[in-house]
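There are two complexes below, and they share subunit A, which is joined by subunit B in the first and by subunit C in the second.
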Partner chain A sequence: MSNDHSKITYTIDHSTASQKVYDVVIVGSGISGSILANEIAKEGFSVLIVEAGPGKDLSLTGYEKLLNTFYTAVTKDNNAPYKSNPNAPMPRSPKVQKARLGHPNTDNYMVQNGPFVTDTSYSRVVGGTTMHWEAKTPRMLPEDFKMRTLFDKGLDWPITYRELQPYYRMAEKEIGVSGNVESQEFKHLDPITKEFSETSLYADNYVYPMHQMPPSYLDKCVAKDINGTTLELDGDKKELKVRSFPQGRNGIPNVEYRKYNNGEVYRPVAAVSSHQAEIGERCQGNNNCTPICPVQAKYDARKTLAKALRTGRVDLLPQTIASKVVVNPENGRVTSIEYKNYKDVNSSEYESGVLKGKIFILAANAIENARLMLASGLKSTSNLMGKNFMDHPYLLCWGLLPENTGTFRGTICTSGISDIRSGHFRRKQAAFAVDIHNDGWGWATGSPYTNLLDIVDNKNKYGTALRKELVSQVSRQLLLAFMVEMLPETSNKISVNPQYRDRLGNMRPVVSFHVPDYSMEGVAYGRELSKQLFQRLGAEDYSIYDPLDYGYVNYNGSGYAIRGGNHIAGTHIMGTSERNSVVNFKQRSWDYDNLFLIGAGSMPTIGTSNTTLTMAAMCFLSAEEVIKDLKKITSKTEIASPIYNSISG
Partner chain B sequence: MDINLIEFQFFLKLSEKLTAFTSFQLQGTGVAEAYYSTVKNVVGVTIFQELIDTFNKIQTDSDDETSLDKEIRHRILSNSKLGPVARNIIKMWFVGTWYQLPNYWLEKYGVSNSDSTFVVSENAYKEGLLWPTIGAHPMGAKAPGYGTWEDPPKIPTV
Partner chain C sequence: MTLREINDVEDLYEYLYAAIQLEHATIPPYITSMYTMKPNSNLEAYNVIRVIVVEEMLHLTLAANVLNAIGGAPNLIKEGFVPEFPTYLPNGEEDFEVNIESFSPKTIDNFLMIERPAREYQDGHVPKQFTSFKNTSRKRILPTYISAEGEEKHFYSIGEFYAFIGEGLTKLSLKLGEEEFFKGDPERQITPEYYYSGGGEIIPVTNLESALEAIRLISEQGEGFEGAIYDNEGELSHYYRFEQIKLGRYYLAGDTAGNPKGKELTIDWDAVYNIKTNPKMEDYPEESELYEANVKFNTYYKNFLAKINDAFNGNPQNLIPAIGEMFVLKNMAYELIHNPIPGKEGVYGAPTFEVDKVPEISKV
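Here is the complex of A and B:
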């Protein structure tokens, strides 16, 4: 791995790329596309990655520019480090506005039909959305794969937890997860006996590559009062406990992990193309994982992409938007991808062309994969393309603790409550996981900025009084975020409409979305639980949900402001046949044999896990399948001398 | 700019009062001059001068902290021309952002087109006084180091 700090240069122009027939053409350089590219290239095959966003961010100076844009941005939203790019637009949460009945909301890149308007977002840049993800990496539970069988809700996966387990391990190695297996050993249902199981979720005394992130002081204060809370839910007795979350950021390697790493201690992956060893090592507690980690301690897909580029067999075409998937109607195989390449984000000029390969992989994320397929006129036999759109609805509850516990310290979230992720109650209401936020009320109220403005403009304080009031208002903040399960429904969907296009003429995604009652039942239960927890903590409850809020949902007489979860999924679900799904469990399209649609779009349910780890596991499984195909249809391409200059120094 | 300028020194004195940080601490941020120029540019020399002069007079007129506080409220913070400017100076020191002045102010006293909400500079963001006030660090900068978040916050007493 001495190459880790080497400089990556990648040069390919569109006319050269257009003349080649690649073994594989991948759309999207996010974690999904990068894992596939690296795995396939390692086996000696040629790969072309088509990426809509600009590619300068692969260098350290490019990355530092992003940081600077972030520091000087007035609104520090999830996409703050990225300048707006009308040629490959992305959703931006501050632009979200309340829906008006019968009028689609068209201000933002995503056209929203409502009734629920979501502020969910993703990034169209090299490295994709992991550039600003928070990097929580819990696994899904065995019961999550069997929702229909166990609870008569949602759908079953065509694959079980146990079958996915080896791929979870690959994903945890690739991302570099810091975590503690014991903290994840809460009671969960055995899908076969349907009773709570004592068997470990992990098997073989598995450990994560690195030790858990130390829990914050706030976590410890909260745990003192919350641990031991008992409750009864649909006949199940539960005892709550604050547990640490596994996360994809560099911590202290666990020597026990050698067993799972060819006898070697895990070596944290440093910054991409950095020459400075101190950058990209351990998490330093910048509390800025979303939108951008200044020291690259957090995993982002460029770390995998850089490895792929270093094989010398991967070409990357940035600023290139896949605009159409072209199919030969005679044999139902994809023949090429049409693209639009823009030279400058400030100009609408572009050149178009065609890229050829043997196998095609769409890894543009759940919304963009479906958008591209539908814009290409490619529905599916099941007619499910774009349907079953899912995302975790979040309910935020915030209060003030009796003592200063400190805010804006450490990573955004180190611990939470996981006990209500599992149980028989799931036949009636959604499960959820609860995050304890180390960044105070920021997500709910825009704290600490809003506190400062309030204290200066309304509380009329300055000097010493101002400083005291700041501490009193900010340092006691507690925010609990309830990440609630959502099930697939065909009416929740992504579609396209020729009326709505971006600057280059590509059709924009149109979202039709409502939060199902099943989830709202979980939301309502979560709100009641938050009140109970605040009581135990002696905390003052400040949660209010404004009816004018764009995410306001009325349920059973109470109103809640729901936030988007940024876990977009389910638009090309996997299943057992071309009639009930879009792809099979290897993420191969039922309709087009040499096409794979990969990413969270393939997930039939999302349980209460942030989606990326599971999607990464699925990608490792798909990579095996693509490689098998390639070995069949082609003798290996000769390992030509690398196109890239990957020399250290 | 000549930082020995008497006007700049008065700006620092005023900032000390408004923020309860010492002039030494304020200068330690390295962005004091940038703030001084920002206010002057956006509100114009005349109003800036008026603010400084008023503060000066208040200082000479008041003989203890209580009367100083009262005069700052009476003659600066409650003044429709000077109050919003003073409050903006406070906000700028705490988070590095210049906030656009209220509409009524702009209509009545506005001179410059450059009045919008903006972050003064990358360093201004990083040097915001809010963060040390609450025993934290600006998000995304001045990272405290691995595991430091396990300990109680160190909140300075004022």
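Here is the complex of A and C:
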């Protein structure tokens, strides 16, 4: 039957929660925490989720209030739907300012030591950063897991693509991915033979749950001139092709998917609502996918969270900041989490307390997980906690096409170029994926709002003339976004400093960051490629990188304005031992046996894939491990209890 | 339209045409009431009605599937398919009008009348439940029925009407043999692949079982199941959804009729554009922008129906793009509803849905 609209029960107060010993305590209600909570609760175990931000209202009206906040916001940044919250602050890109030499940038929530100042952001609300994500869900490539072996760069993962493959499928089902498997079958390297392989990335004629989002007219226009472009890169011959991206938004169910869904056609998951809403089962092609989809056709973690809450075994405490992970020094096990609960975002008043569980999972994101661990003063055998911080640097290139291409129609991005994601060149320079943006120059210049202001204020147009001018300006816009690979370096890190605290006294994250040359080499190549592509398209290049831009990076005599990718990763990387990593491939802490640090923070490399899908896949793997642990604990308790009874009786 | 006892397939074609017409006829009043709410007001009420509209579209599609299954051909482009508003529902002596009008308590009362639950069935046999009354109006949503004795009767509720169709389907299936009776081309069925959005599962109809399942879903979504406020799928029926707006409170599972115990549903009856009730083309001064906007709307609406009709007649893949056009229709309706009628103080325009008075813009 249709989506479940039964009542979502989760209300619990802090004093009740504090008296319980939960099977699992999870910090963070984003996609990682929600997947773990749902998987664990389905097995009959009790779960408590603490969430720093507000957002317990899982009704359609509650969501529409967020939409309205976004619509009326002057600055449409990623966190525009969410009220400013000094008790659990979040990075806001419009607040980012250029670094001054020797002075950390402390205006924003994240203290930035530089030299590179990032405008990357994440959301501290129920649902986490999926409450502003774009929902692109490409898998990582097999070679991405073997960067050290194949290219002598970065790190190898302690797990291979093939081993992660079944979990990718679980993640694609959970998120509800619309995509076309064939479009993702570009040439990639086989990690064993080190040669280009024709083997499918997707075994057994796999298909995605739903058909691909229809490519936009803009995609087709670009494809017409770009498909077939050849280039040679470090000895590899490449032929470019515009390909559709898989994405976590509802499309038309693919009947072939039955095979991977117990014989059933995939049922798109509609808007989260406590009343029947019948909305969001299909993407309607609204162009403002980020930060939030007007109809909730885009997946966000509240969809998984609502399922978890409906099991009746999950409690959620929003507006509750985990302030310390407490460890018993005798056995090295986590015993509890200290929290601060604020009642009102406008007041600095809070109450603190302690939450107990058998297993603890930090799912607060790469920056917040590291921040919490470091603020808790816990030892790290590898000394890698907070280190190897990564994020995809983005280079934006924008131009005006010779003809009307209907820009600003369709979802934010439906297609792009993936051919430079793989190849032997990766021993020298970063790989990248290129997005064709259906929202025109929005990311680079603030279009269409900036166009509108310009036409009204500077061109004095109104009425029909205004409409015509606006359409003619924006509907030829082309923006190519180069999402460039970044490798782990220990000097790129998150740390804490007692000098920098938020309103509730929690230490803020301090970011030390530079864009490695390896990535900049990719950026420079991307810029040159963009010029070639613009030439083929007959597009006028309008890209300007202002030296005063906070993200301005000079490399080999040229300057580029780099944007953050909101793909924060790598602060508690996984590896093969407690000396080379923070967690194992199941995301279990090497140092604290009943602690899991989950999310993109565990990724040793991030390749050229948006991180969410891979992190979701890793979470399904971790869920199996946590459930195994819990079953062991439970069976021990069962054996132990008769003895206890005989003593007490 | 006057129907007779169901004796052959042709009779059922007429009934199912009437069913499709009936399902469609609720849509203009419902969407107009939604569109008269001022921007960012009454979001909850808007969503309550929106779900009902989505389900009416499902019902329309299900009725088309049943008609296609027995070899008929849906026709949404026939003259007179869209009723002339005001139109009437048969409810005995107290005959009342269904209007295109602004969102108001009175409008919700009318919607409650449209969706009112069937009276109790006796032995599951419906015909003897018909209310016999004299009303000669040609403008009614529910068709009249001429009994074997030549007496003109009326269906009390939409549910009764469908129960009658269900009986007819069963009777003819037995008489003609199921395989012979359900001889329609299965390729003409709208299947889940083509059906946009929720409101329950679309049921492809290929035999008596699936036909009766489709009929059951339509009746229960409208009026509940055997007097319960929730249907078999656990969804609140339309009558009680509207009642939530009237009572200002949501129903919860387990609640009894008239006694919702859920969250409060806040309504701002004043945040509404006061439109001309049952507007006609003549209400807009010729060559005024409103007149043009209304012609544009009606033309587009006519074409929209033609596209749906095309999808129901062998091109199911065309349903998805057709439904997408509802966004355009909504914006066109706003152009009318957000603008006052020249010379009429405080009275706003609205689409007239007079599709028979405009030409089609394009052939499908």
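As a convention for this text, the second predicted complex is superposed on the first by the 609 of 649 C-alpha atoms of A that agree within 3 Å, B and C clash if a C-alpha of one lies under 4 Å from a C-alpha of the other, contacts with A are read in each partner's own complex, and residues count from 1 in each chain.
Keep this in mind: contacts are C-beta pairs under 8 Å (C-beta built on N, C-alpha and C of every residue); 3 or more make two chains touch, one makes a residue touch a chain.
Being a predicted model, the structure only gives us computed values, none of them experimental.
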Using the touch definition from the top, say if A:Y462 reaches subunit B (first), subunit C (second), both or neither. first
Quick check for you: in the superposed arrangement, does A:V21 touch first (subunit B), second (subunit C), both or neither? neither
Partner chain in contact with A:V255 - subunit B first, subunit C second, else both or neither: second
Partner chain in contact with A:N68 - subunit B first, subunit C second, else both or neither: both
With both complexes superposed on chain A, which partner does A:I544 reach: first (subunit B), second (subunit C), both or neither? neither
Once the structures are superposed on A, label A:A203 by its partner contacts, choosing first (subunit B), second (subunit C), both or neither. neither
With both structures placed on chain A, which of the two partners, subunit B or subunit C, ends up touching more residues of subunit A? B
Kindly classify A:A270 by the partners it touches after superposition: subunit B alone (first), subunit C alone (second), both, or neither? second
First (subunit B), second (subunit C), both or neither touched by A:I633: neither
Between subunit B and subunit C, which residues of subunit A are contacted by each of them? 68, 282, 284-285
In the complex, go through subunit B and note every residue touching subunit A. 17-20, 72, 77, 86-87, 90-91, 94-95, 97, 99, 117-119, 121-122, 125-126, 130-131, 133-137, 139-141, 143-153, 155, 158
Parts of subunit A lying in touch with subunit C, wherever the complex brings them together: 1-3, 5-7, 59-61, 64, 68, 252-253, 255, 265, 270, 274-279, 281-282, 284-285
What does subunit C use to touch subunit A in their complex? 40, 43-44, 47-48, 50-51, 54-55, 192-193, 196-201, 233-236, 250, 252-253, 262-263, 320, 324, 327
Of subunit A, residues touching subunit B in the complex: 67-68, 70-74, 76, 214-217, 220, 251, 282-288, 292-295, 404-411, 414, 438-439, 448-449, 452-453, 456-457, 460, 462-464, 466-468, 470-471, 474-475
